[in-house]
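What follows is chain A paired twice: with chain B in the first complex and chain C in the second.
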Partner chain A sequence: MSASHSTAHAADTSKLSPQFHVAHHFDSADEQFDSAKLGVWLFLVTEILLFGGLFCAFAVFRSWHLEAFVSAHHHLDKVMGGINTVVLICSSLTMALGVRACQTNNQKQATAFLIATLLFAGAFLVIKYFEYSHKFHDGLLPGRYFTYAGAKYPDEKIFFGIYFMMTGIHGFHVVCGMVLIGWVLLRNMKGHFSSRYYVPVECVGLYWHLVDLVWIYLFPLLYLVG
Partner chain B sequence: MSAHAHASEGHGHGHGHGGADHVPHVLPLPFYIGVWLALLVFTAITVAVSYVDFGIFNLVIALTVATMKAAMVSLIFMHLAFDKKFNGIIFVSSLVFLAIFIGFTMADTEGRGLAEGIEAKHPRDITNPFTGTEDEPLPGGATSAATSEAKSAAPSAGASPTQTPPAQGGGAASPAAGSPPAAGSNVAPGAGGAQPAAPQGETR
Partner chain C sequence: MAETAASHAHAPAHAEGTNYLNAQKGLMSWLTTVDHKRIGVMYLISTLVAFGLGGTFALLVRLELLGPKKDFLTADQYNQAFTLHGAIMVFLFIIPAVPGALANFVLPIMIGAKDVAFPKLNLASLYVYWAGAIICLSAVLTGGIDTGWTFYTPYSTVTSTSVISMTFGVFVLGFSSIFTGLNFIVTLHKLRVPGMSWFNMPLFLWATYATSVIQIMATPVLAITLVLLIAERAFGLGIFDPTLGGDPVLFQHFFWFYSHPAVYIMILPGMGIVSELIAVHARRRVFGYHAIAYSSIALALLGFLVWGHHMFVAGQSELAGVIFSFLTFFVAIPSGVKVFNWLATLWGGSIAFTTPMFYALSFLFLFTIGGLTGVFLGILSVDIHLHDTYFVVAHFHYVMMGGTVMAFLGGLYHWWPKITGRLYNDGLGKLACIIIFVGFNMTFFTQFILGSRGMPRRYYNYLDQYQPLHAFSTYGSWVLGAGFLLSLFVLMTSLRSGAKAPANPWGGASLEWHTQSPPVTENFPGTVEVKHGPYDFNAEGTK
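Here is the complex of A and B:
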């Protein structure tokens, strides 16, 4: 940020990300960087449309079985869901700061932030595990596996079909995100990343923020409104 | 931040196969902390609102707050506010298609059974769809003769599957208008008797 930093940066530049080079089919490092990000954004669009189909299914079934959905969503734990929302928001912050640490050539800080992101992601899955096991125990399950005795509406099983499908696919994305974060964490510890080259961290970050974005909509729709 | 922009001129040439080094656009730390705090506050708001019953506005408030949170994440954490505009266009276009997808699906699913009721009240001859009926005469002098003809034919249309013959100009072009195959494709399916409310509600 400061002038002294940028001059130090200029002096060290040959040592930063020594394995990095601009592939011959790109004119410049900027073009290579932008192309990678463009590709990730296109991938994120397919992810949005994947979850969009699920949100559409949610909207249709909710309009067909409104009373059952409102009744069923009271079985979800707002507190656990809210804690998980906070956990994911914190993980998004640490991911963004991890990218920033790479941008500013702060390898140790980047390692710390990426580890923190992994821990938050793990915490999300642990909380999700407790929620799921509680639902399993109560028989609040999709379709014909719905064995909960106190259900006011038989169609509550449809809500749990949607709930498990949406949170399950989201949870799968969290697991994929953890693998990707672990990958950039290892590469960062090997010293691959710097202000010259950090596009994998940036792209994994974009993916991770999208996982957060999906949850930002899932949480109020499933837990709060129903 | 500006120091970086100047630094890009000062270093980085000669790496790789050409072009200057990529120089990141580093956002100041308070940006990230501020967005993080705002996200936490909005989460608290949306949870608090869910404990009060505002009817349909619970859904509206929840989606509005979620969209504000999503905007903050995408603009700051995902750098869209400072990024190449094309990435933002791609992202927003996916939301446009999502709106079409969900909007049209909901328009369909919410409107099931409405058309059948209206059609039962206002039977139309699909071989001559722009002719007014008894209930809803069309304005304009050109169709007035056809309207009166439809008016006189309306009682018989209710009694038998045979449709009213095309009122103007279509008589020679479609001689089979009154025959069974054409009648089967017309409004008032089946016997064409008085069944105005029958199709309603069957789709759910």
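Here is the complex of A and C:
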């Protein structure tokens, strides 16, 4: 199958950005591009399995402590969670448009879309911060630190253990995503990308969509279903 | 396939006698290399150091068990010794050894590639391995660890030892494993030279591919499990700790969801090596190539469905026990397919009794015992008697050590001339293999008997009636240790005084034997052509 990749474009180097480089062990730019994308997809598989463990824990404890979970999830702020969902979906859109702008040699547009993505990601974290500080204030904390006096069921602390692990690890991924988006943003501003070379933007985009996708599942499970 | 101008421009002209070892000099040239061969060599040295360290703890454990009472170690020291033995051997040696060292070295050469798909990621995996190793071993200095290598809750949430250092180290090591697996999958998909179809690949690569799939799919689950365990200890999370409403059996489910597939991360590369050893050293085309290739994939997939057989007595439902027991028996099918195909390959072959062949035959013998005793343990009623006894210890040592370590050593001796460019003393090599084989059986066959008579694992003292067998097992461990030292001696002396290795000392037919020993930095001086299959021993150039 490796032989099937067309190398028709390989000879056309006139449109390449200065940073374009086919590493010595690849036969063509297309092969290098496909390899990078396959690598990122495999990495995304590991991410899904990582979160898979948490979703599994959520399912197990929810089935054992259904009343406690339902009761506990009313403490989450559905409006803030809902706004955050919209914010992340918008960020996925701007990310996709940013990749598209790179593919069409539109450097300025790409810069604008990547900055917009960063701003949405930042907004998500700010809203999350307000949610978290509210929970901290009320003592709605995991396990040993659960001090909320109005809890109807003792097992509500397990819900918050899982809530903080899932949203915390997701938040960590958002921060990593912001660093990565910042990195491709800087490279884009230096003119590293073009229609012939935009692998890093594409790969960061794939990662960012996955981070959003995880939230798309977290929001209904934690905030709406409980 | 048309090649770009870029790839030609980068091909250096090689002077006579230049190879990957002497192309660049100095420590920094090694630490900053992206050459898969150099990274493989550094992985080899690192994992062998870990093997020596883990082996030392094993000898300490056996020494304590020489007599029935407290002899050399206190109960606490004993707990730490067997924990460190297990954790070091599993996470620092046996999981990274074959993929990181041997597969890293030969995989790109076998498919005619210049390097793995992501050379920098390959180097990163080595650095991450080192970082993880240091974090793991820092646990020794900061209070030790006494949970056993499985870190079972609830004990691991309450013990005062450094569970966090060790588990965080293992978490970091997981990334190293994922990087390697990811790299190999992409490399095998994208970098095979024209003519190297999937079914033209040496079987070692099928096994490595299957291993990589498990590394990608299982390791993240261990990662999240360890993160939860660390959060449990650090913040009292309450997911695994029963006093906070958590479930310790959930930890076991999570842990074995990784660690049972991880058993195949350990054994599959060994099986791949044995396929090479048997074919090359019997000079016979592998019998049932497709069956062996597919059985590797089957083992990788089945490995994900049998984790519950570690918890037959941990309180999982009877129905789950029956299902997991039933599924466990299926593992015997692809394993059996492999063993019978290897035997059929040997049958009628012109067997050369070289050191690698000695290791391959040892593997066949020991792995078969290890595999069949696994079937005993998969039977629910029998497992209730044998669970947590020395029978289990003997079983997994027959698979892991009799299987993987034997195959690893066989592979090391097989590719040693390619890696170092030196031949070793074959007679002494065989002697070392015989000593290891005898020592191994002395050490571990006795443990089958001990276990079937009820000797529980992980105890530093025992009833007097077990003393003769325990003492015999300890004597065996000394024989085993001596065998490994001799084996190491053979390899080390070859570096100093071994004859220069020709390109193809064994008459192998796969691509790594069609380039000089040791290879040049980009593996092949010119364009690679695949003229014949990996086991066409009558083809030109393989005599």
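A few remarks follow.
Basically, the second predicted complex is superposed on the first by the 211 of 226 C-alpha atoms of A that agree within 3 Å, B and C clash if a C-alpha of one lies under 4 Å from a C-alpha of the other, contacts with A are read in each partner's own complex, and residues count from 1 in each chain.
Basically, a contact is a pair of C-beta atoms (placed from the backbone, for glycine too) under 8 Å apart; a residue touches a chain by one contact, two chains touch by 3 or more.
Bear in mind that the values here come from a model prediction, so they are computed numbers and not experimental data.
In the superposition on chain A, contact is made by A:I89 with chain B only, not with chain C.
Touch criterion not met for A:K152: it reaches neither chain B nor chain C.
Which of chain B and chain C touches more residues of chain A: that partner is B. By the touch criterion defined above, A:L54 reaches chain C but does not reach chain B. With both structures placed on the common chain, the touch criterion links A:K108 to neither chain B nor chain C. In the overlay built on the shared chain, the residue A:K78 is in contact with chain B alone; chain C does not reach it. In the superposition on chain A, contact is made by A:I169 with chain C only, not with chain B. Where the contact sets of chain A with chain B and with chain C meet, they give residues 1-3, 7, 10, 21-24, 26-29, 31, 34, 38, 42, 45, 49, 52-53, 56, 60, 64.
Those residues of chain C that touch chain A in the shared complex are 1-7, 10-11, 108, 113-119, 121, 178, 182-183, 185-186, 189-192, 194, 216-221, 223-225, 227-228, 231-232, 235-239, 241, 244-247, 250, 254, 522.
Looking at the complex, you find that chain B touches chain A at residues 1, 3-4, 6-7, 10-12, 15-24, 26-29, 32-33, 35-36, 39-40, 43, 46-47, 49-50, 58-59, 62-63, 65-66, 69-70, 73-74, 76-78, 83-84, 86-87, 90-91, 93-95, 97-98, 101-102, 105-106, 109-110, 204. Interface of chain A with chain B (complex): residues 1-3, 5-7, 9-10, 13, 20-24, 26-34, 37-38, 41-42, 44-45, 48-49, 52-53, 55-56, 59-60, 63-64, 78, 82, 85-86, 89-90, 92-93, 95-97, 100, 103-104, 195-199, 205-206, 209-210, 212-213, 216-217, 219-221, 223-225. Residues 1-3, 7, 10-11, 21-29, 31, 34-35, 38-39, 42-43, 45-47, 49-54, 56-57, 60-61, 64-65, 142-146, 154-155, 157-158, 161-162, 165, 169 of chain A touch chain C in their complex.
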